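Order of writing sets the chain letters: A, B, C and D. Residues in each chain are counted from 1.
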Amino acid sequence: MDYTYAPGRNHLFVPGPVNIPDPVIRAMNRQNEDYRSPAVPALTKTLLEDVKKIFKTTTGTPFLFPTTGTGAWESALTNTLSPGDRIVSFLIGQFSLLWIDQQQRLNFKVDVVESDWGQGADLAVLESKLRQDPTHTIKAICIVHNETATGVTNDLSAVRKLLDAYRHPALLLVDGVSSICALDFRMDEWGVDVALTGSQKALSLPTGLGIVCASPKALEASKTAKSVRVFFDWKDYLKFYKMGTYWPYTPSIQLLYGLRTALDLIFEEGLDNVIKRHTRLGTATRLAVEAWGLKNCTQKQEWFSDTVTAVVVPSYIESSDIVKHAWKRYNLSLGLGLNKVAGKVFRIGHLGNLNELQLLGCLSGVEMVLKDVGYPVKLGSGVAAAAAYLSNSTPLIPSRI
Amino acid sequence: MDYTYAPGRNHLFVPGPVNIPDPVIRAMNRQNEDYRSPAVPALTKTLLEDVKKIFKTTTGTPFLFPTTGTGAWESALTNTLSPGDRIVSFLIGQFSLLWIDQQQRLNFKVDVVESDWGQGADLAVLESKLRQDPTHTIKAICIVHNETATGVTNDLSAVRKLLDAYRHPALLLVDGVSSICALDFRMDEWGVDVALTGSQKALSLPTGLGIVCASPKALEASKTAKSVRVFFDWKDYLKFYKMGTYWPYTPSIQLLYGLRTALDLIFEEGLDNVIKRHTRLGTATRLAVEAWGLKNCTQKQEWFSDTVTAVVVPSYIESSDIVKHAWKRYNLSLGLGLNKVAGKVFRIGHLGNLNELQLLGCLSGVEMVLKDVGYPVKLGSGVAAAAAYLSNSTPLIPSRI
Amino acid sequence: MDYTYAPGRNHLFVPGPVNIPDPVIRAMNRQNEDYRSPAVPALTKTLLEDVKKIFKTTTGTPFLFPTTGTGAWESALTNTLSPGDRIVSFLIGQFSLLWIDQQQRLNFKVDVVESDWGQGADLAVLESKLRQDPTHTIKAICIVHNETATGVTNDLSAVRKLLDAYRHPALLLVDGVSSICALDFRMDEWGVDVALTGSQKALSLPTGLGIVCASPKALEASKTAKSVRVFFDWKDYLKFYKMGTYWPYTPSIQLLYGLRTALDLIFEEGLDNVIKRHTRLGTATRLAVEAWGLKNCTQKQEWFSDTVTAVVVPSYIESSDIVKHAWKRYNLSLGLGLNKVAGKVFRIGHLGNLNELQLLGCLSGVEMVLKDVGYPVKLGSGVAAAAAYLSNSTPLIPSRI
Amino acid sequence: MDYTYAPGRNHLFVPGPVNIPDPVIRAMNRQNEDYRSPAVPALTKTLLEDVKKIFKTTTGTPFLFPTTGTGAWESALTNTLSPGDRIVSFLIGQFSLLWIDQQQRLNFKVDVVESDWGQGADLAVLESKLRQDPTHTIKAICIVHNETATGVTNDLSAVRKLLDAYRHPALLLVDGVSSICALDFRMDEWGVDVALTGSQKALSLPTGLGIVCASPKALEASKTAKSVRVFFDWKDYLKFYKMGTYWPYTPSIQLLYGLRTALDLIFEEGLDNVIKRHTRLGTATRLAVEAWGLKNCTQKQEWFSDTVTAVVVPSYIESSDIVKHAWKRYNLSLGLGLNKVAGKVFRIGHLGNLNELQLLGCLSGVEMVLKDVGYPVKLGSGVAAAAAYLSNSTPLIPSRI
């Protein structure tokens, strides 16, 4: 029943799916229910209300699609755009690449703005495109808030400022899959029109919910958007929202109760404390990487990601060996390098329901793996650097003071 | 955390989501895992191989989409057809209606063959359409094997015979949502080109997997089908199948382990025994309905469904009162009448991991509810009729002999 | 991993262990914890406070022993009595017999007051013994509130009245294993000195907690009681209660959280409503037995038990065949006849977290089993009788109105 | 419901209760069952057979008491000895002290052989006592294999050698609570007469099973031992073993299935590999302690424990501050110093289902806590020392090669 058993815990440090907190596992440990009984709509109502808080929106409308991030992308695009629409999209790593591929297959005219993998979105190019678009042929800007493949966080407020500066009405569509609930994200303040995430990322649930949040402007756009859509159509949801039954088709009861608990835990910790914790763990990871004498794939500090760190390995090492070895010897799951950076980087995911000692255990594991694959690391060096920082920055656990 | 608690078990007799067996709940009670580790592909491989058995196919290719039945429909249609394609589709109840709505929104030219709700697909009309189509303008026949809204099971082998009789190459697309794993279904023998089901039905899992199985002919069709699709595209899956990693995007680890256990339980019981159990429970339910002096919504025996029974209530009773009352007083979840039969029927789902005494408990509950809403039922009459049949037909539990 | 799998739910109607409510299973689905951290004492404190409510005592001191009912008996006896002490003990069935065996092996001088199995404690004999004991040689009265083997409930208030009438200072020790949390039990009002129950009975938890509650008089007695005891010694607990750490040795973390949830559910339903529900289910069961034309092992109505019914079978039937057959064919677990009534009765447990339709499912199963073993039962007769009563007496579920 | 929630996992490093592996938690996530059905005896039979393997006995008879280690002690003593019997017992820490207290309260004449806390059993004194006992007044030797309070492992084979050398027939009773399933333990080879452990220790289950294993000589002794016992009496178990029903009173169904899985995992890893893993983790811990410049409470290498390390803190630090702080800031649970070493040592439990990175996470946490309480630790030093050793000694995970 359980494949490849190993003693002790699995140390899950891929940038998703992430560690599920025990109370969420408990909440999901349950039977099916009739989703047409009064209980499920009552539960759904609280979820829709509360999920807005993690987007920092009061005006947005959330949708809880039974799908993955890829489906959430499709929902964001097809509900707001029509085939042939021109969109500007930033290519900075594997996940932005996949989204662009989807955009192209959905028949949008995609203006790809490419950066080196390890760099953020090139906003200078965006600015020039906006400047050269007085007739507003650009219908949407598509941007990944945090590129999971390279550990690069884009500056969304700067994007908004550019759009405002040019009074450009393009929709701002944001992939927040590896950012929302972990990085500072402000839907309303930054004028994001569609934001989306997946349940298995910072929300720390199993895979299965693609959470999409639409601004009033995006909802308005959906009324005229001509892209073909049925499963991902917001219209059906809105119809059931109005009826108070909420679900055009069957939701996962287990994920609804899981989301309820996940949100409760986030609110108990405080969303801003959750974000600070991610800053703390991200910083600690980067200090360790530095102490090991390795390079961060992310080329400038302004793009450092607090949810995932892509570590560049020396050319004589194949990074996938690190990932394989970590799993085979230490029950440690690290992220592979993908596509252009395959073999060159491995990734440490440090998002979701995670604490300092879990990260330090991971870092000590990475050190041993590095040694195992022939990199002359000083054992303990990364852990020491991370611990020095953490021991100065970790607060007491509020519920235990 | 738990809404509307009531003492004792909930009696879940909606026609989906259905009761999850405890071993499946246990198998799903788990952490996330890295789906790119060797363990998850190894597991997936066994699932893809074994899931073919529930479709009774050796030549089909299954896909485990992280979606619902509605998404599985969309995947079946968009991968095999192009906008403007003519399809014949049978409208016999709410779920066939919804599928037809989807077909129309996906821009197919849908030849709707309507029957009264309570009747099966009108195959005479199909025959006449096939006869009048020597040039094969009909690209696909879309049929719901078991219409969940009315408890009607269509005769798929008859459909195949007609197609064969006219040597018509139209694809045969079958919604097996409330049939597969419960009713006799033979993909290869009946020449079904795409069959699909959802995890929360007879497989007795939580919602979240849309399982689609494509015949070689359907796969071939997918190479030229022009419908726009990304999330639901078979092509991406086939690419990853070839690489042996299986997943173009993140699956639900929990559902994979759950499916593994669900299949193991079905094979332990024996798929044919599972089907016989459904026949037994369906027959017992119909005997109870008869004993109560009520009518089955299904108009002829040939269409009787062994997974759901829609019971017609006298005109002086509003059937939704029965459903509400059952939930409020007896913790019994029954299915509402939908659309055309709203208020007129209530539904008893008897599919999935269920046994005789669970059903008899449900039937005794229905009797009390009928009395409560003013129908002059003789308490015990339906249970007696069902029990008389069951006590003659229920086998000993093989593992306990 | 799972032995003797059968499709659908097991129908658990032995008089313990009983069905665990899903929220309790969820609460127990957890890791170990350090029981010396501040969290566990804080939790324990609420449990000790709240568990008094199910004994209906404000002056009692509860102990949560990691043991079974047999251990709880031993704790009750050894903490209050000294070897050679004379006690009066009622023998009315297998469990009172086992307790008496324990009393004798613990070297008390046991005055056994025997009744026919199926009758309650003979209080006339008690009265005569009290009358003849002006010097108070009787140190304790030991009585089983509800004899699980025969389904006989004794009248504890009558025992108290006798003791009071004779101003007799004997301690009143009560086995409430199959009564507390299900039958009307009033520790303070009835002057019970030690009452005890087990977690797997009406509390609807797994086995593992022997819950003992001592009156101030019992605590006083424990200071001089000379019976040898260590594991079961109240003194060690009291010492740790004073320190506020509560545990002289390691408790089961899972059972503590489970007990917390079990109590929460009982208080949500209302203890008196829980008791009424047991009256309802007990009455319904007896009506079914009557309708089947079978005899209740309990000889008079005054002793009818609302937690377990022992059904006498005709002499040509071996009752253990009924139990075996129910398990082998219908996945129904019934209680065997024990000792003197072995082969002559089978038992239906109707205690704990259970509702009307569960019971009716069980009763319909019993009917089919009776038919299978050759008893000329009219199928549906018992269910009809029970349902007629239940449909008049079952309230709406408060949380769902 | 959950007290004192903190983000991320709790790091449980008390020397019991220990971390439960996820497959065990899953196996225990279940309903109650009728323990008199054929399934539970069938399961129990395999457990009794397999549990002997962890004691390394083929001739012993195991008992699975629903109790804790304290109860298992009582069972070992009362079944083999009579009040007034002379026993030799070693006092080397808090748990041996508690056992001696129990021995005295059970009215044995206890010859206490005391050592400094941090030293092992004084076998020289034992030898002299044996020498001076030609008439065999000593009925039993009671020894704790691993004293959990000080991290001291006694040499049981040496005890056996002494008994053999003097041909002394005294029973050898061993507390293996924090050793069995983790340290090298050989019941048959070392001629242990009663060995015992608790489920929440190296077996990595919840608390609730006191596992006692009796040699044929111990069983023989139990026939004449006059200590009063009922709940803990082997006789009742043996009677039910003979009948093939196994249980004189209700077992915890959940713990039985949990034990089944726990044993399966141990056998999958290989008991000797489990023991080697403990050696590895114990050694790594000691290397870290040394690197921190702190002293091990255990005074000589021959007594070093591979399941728990008691670390002596400088006199200016109160060790309980370390424990409190670890829990409050890092969600790390460490063991307190007990009794004589209260305030002077803290303990790191490294037993049970645990792996290298979990331990390194713990050690990095201890480093930060030491710094926090004012000890001038070099961060990373202990982790580095441990990792250097572990990276040379940790094998690949067999199932993943």
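Please note the rule applied: a contact is a pair of C-beta atoms (placed from the backbone, for glycine too) under 8 Å apart; a residue touches a chain by one contact, two chains touch by 3 or more.
This structure is a prediction, so every number in the text was calculated from the model and none was measured.
Visitor: Same residues or different residues where chain A meets chain C? The copies count as same if more than half of the interface numbers are shared.
Guide: same
Visitor: When the CA atoms of chain B are placed over those of chain D, what is the turn angle between 0 and 180 degrees, to the nearest 5?
Guide: 180
Visitor: On a C-alpha centroid basis, what's the spacing between chain A and chain C, in Å?
Guide: It comes to 53 Å between the two C-alpha centres.
Visitor: With centres defined as the mean C-alpha position, give me the chain A-chain B separation in Å.
Guide: Inter-chain centre distance comes to 34 Å.
Visitor: Could you work out how far the Cα centre of chain B sits from that of chain C, in whole Å?
Guide: The mean C-alpha positions of chain B and chain C differ by 44 Å.
Visitor: Send over the residues of chain B in touch with two or more other chains.
Guide: Only 1, 3-4, 19, 22, 25, 27, 29-31, 38, 327, 400 qualify.
Visitor: For chain C, which residues count as touching chain A in their complex?
Guide: It comes out as residues 1, 22, 25-27, 29-31, 38, 400.
Visitor: For the complex, which residues does chain B have touching chain A?
Guide: By the definition above, chain B touches chain A via 1, 3-4, 10, 12, 14, 16-20, 25, 27-39, 42-43, 66-71, 74, 83, 102, 105-107, 198, 200, 206-208, 227-233, 248-255, 257, 260-261, 327, 333, 335-336.
Visitor: Would you tell me which residues of chain D are touching chain A in their complex?
Guide: That would be residues 1-9, 11, 19, 21-23, 29, 265, 268-269, 274, 277, 327-332, 353-358, 360-362, 364-365, 367-368, 371-372, 378-381, 383-385, 387-388, 390-391, 394-397, 399-401 of chain D.
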